[in-house]
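By written order: A, B and C. Residues from 1 in each chain.
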């Protein structure tokens, strides 16, 4: 195990923190609106560019963007919900149509991000592609600050989400809408509003993840697109219906991906790392064929299912 | 260049692109429109056909033309082609044979990609299926960039000049060939849809459980359709490479997955005629935007192609919300008419 | 007369719910049997298990001398057993005629390879269209021949269900509430036709039915289920007056 260095472990933890933040949103949306949101990719990219834009215009501190990205992307998700999802839900659109809709929104956002990137370059004379902000990061105990920030943010968000869902009236109404929307509607819960809130949260989480990514890896308008398979994979591995499963899924996938690549690269050859994107795909296909309910399905084949 | 020449060139190029997209959309329509298989990864099959053609065509040409050389067809691509192309240009029949060969190989590569993606595809729920297929689509570009011997890495390679023997009429010939292939495929698909086989596909789409109760082997049908659709996509990829003369690992999801979906959506899912309408509309729209983008350089602080993304995204969403059945409705003819004269009463 | 269908001690649970709790029943050849029972007694589950849509946890099912316990729905259909669904399930975007044509067995045109050459399947297709047209006439649906199935009324869909079963030339028909939502005159006509088919072709019918007012005078035997078990079987007079049956319906 000398091939698995400390830096690999930290790489795994950081990557998994990102994956988990993104996957939680995907699972949340899947549980509430029953749709696979391909636009999540853009949520992440937008978050990244929020951070970058702020460092270019306002403050060189890269972490300033985190709360801004949370709000902005949350609002973006709300826009997608009210402008696209709601009208389609009301018309009983099929699953496939809904998926194409989210894919279309993703495409639109891709356009917007690219336009923004071009705009940044032409207006501020800065590069807007291949951006990496890791130099602006602080160091703590010899490790890049992003490690701690990512993990800490994940912990914070998970705790906040847990408290929201379990200790507030709003949270309980949210969970009711997730479990049984028609019943919730009947007892007076505004299900549409609950769904909108879950979209805001999911978008916000993706925005947070995106806002931190420039500290860790190079960002481009297609960053989100490159990660979408991993996001879905983490979500599915954790069980598409289990919100906290997404976190477990994120760490599992991260483990296989980062550590796996590192081991392969040392054992076989360095060029293996070029094929790293194949790993999430293989894990995804394997999970989907062998254990479609993810961890929830594998563990508890009979008896009660593992819920929130 | 005179205006009329510009227009002609524009139209000829547009028709070629239209032909390629007609083939892809036909393949996609067979899968989604007729059989209800949401293939979000047709990029996989298209790129597969493109890469195989790019990767193997030069090598195959060298072998079949009996050229003696130690040069590597991929890494020393230009040099090898300088040996290949003059021979091709002087031997039209050989060029035709090679064309057919490359098409077949491209189709088979596409079908292979379809086979790989059909393993998860035939058994999965729609959303899992879409996610998996989407992910598959991204794979080939990774491999294409990383594995240099395949298509020469990020810069790509050129392919033999199949249409070169027509001299100054090369473009017209190329477009004509593409159109002929596309129309043949389109007509064939139209025929298949009207057979009992096609009817069974629609039945599986409309109600899988009942179809099963009536003895239909769902998995087998779905696999056949995915293979067929993917074969078409592979051929389209191959044709595109042969037309463009080169292949690069830049096959984007937008161009080869999203656009075909938009085309069949606009046309009307399930309708073969709609595929024609949708393909023509969006190829034209896309080409006009790209053509005129140079007019906008300097006026807008960004590349106008991104506006294209926005525009097409909005159009798709509008169609999905307000007219999900598309423009052309699914057509059917009374089965009695389909039989025609092929059946002789005893 | 032999036993065409034998269900032996079949059990099926969904989680904690015991849908079938050891069902044993036999259906004689060339008879018309109905299955009655209160809601939730497991009738549709039984049909699903027999036709391969669910696998029983325990028990055996025989069709003639062949064991069909773990057969797939496709195999069941091909061997001569046809079923209808309680909630009419159409091929919505196909016209009524084609809904019936899908049910036709062994149409060579359904294979991809054979479909390429029209000559190979044209005759079979023509015959199938004839048969389907006759069935539509029988059911009074000739006018709806080219109507999209999704546009039919509930009662009309029920008829298409039956029509589809009739296309199959099956030996054993498992009908799940075939006349619910159909007007009484037509319902009587359908049952009369069922008897006619039994007389003419020796077809066996096993029908889940609530409309005792209509069905009772046509049937040979009645099986009654409650709570996943068979509680009575015999002639209509026997079963109707069986105290267990009365209690199951009224006791609940």
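By definition in this document, a residue touches a chain if its C-beta (ideal position, glycine included) is under 8 Å from a C-beta of that chain, and two chains touch if they have at least 3 such contacts.
No experiment lies behind these values; they were computed from the predicted model shown.
Nearest to the common centre of all protein CA atoms is the CA centroid of chain B. Put simply, the chain farthest from subunit C by mean CA position is A. Mean C-alpha positions place subunit B and subunit C at a centre distance of 45 Å.
Inter-chain spacing, taken between the CA centroids of subunit A and subunit C, is 49 Å. In this assembly, the C-alpha centroid of subunit A lies 32 Å from the C-alpha centroid of subunit B. The touching residues of subunit B, counted against subunit C in their complex, run 192, 195-200, 202-203, 205-207, 209-217, 224, 228, 270, 330, 332, 334-336, 338-340, 342-343, 346. Touching subunit B in their complex are the following residues of subunit C: 51, 53, 72-74, 77-78, 83, 85, 89-95, 97-98, 101-103, 105, 107-112, 115, 118-119, 121-123, 125-126, 129, 146, 164, 168. Interface of subunit B with subunit A (complex): residues 32, 38, 40, 119-120, 123-128, 130-132, 134-136, 138-139, 142-143, 145-147, 253-254, 258, 261, 265, 301-303, 306-310, 312-314, 316-317, 320-321, 324.
Residue ranges on subunit A touching subunit B, taken from their complex, read 30, 35-36, 38, 83-84, 87-88, 91, 93, 95-97, 99-101, 103-105, 107-108, 110-112, 114-115, 118-119, 122-123, 225-226, 228-229, 232-233, 236, 271, 274-275, 277-278, 280-281, 284-285, 288-289, 292.
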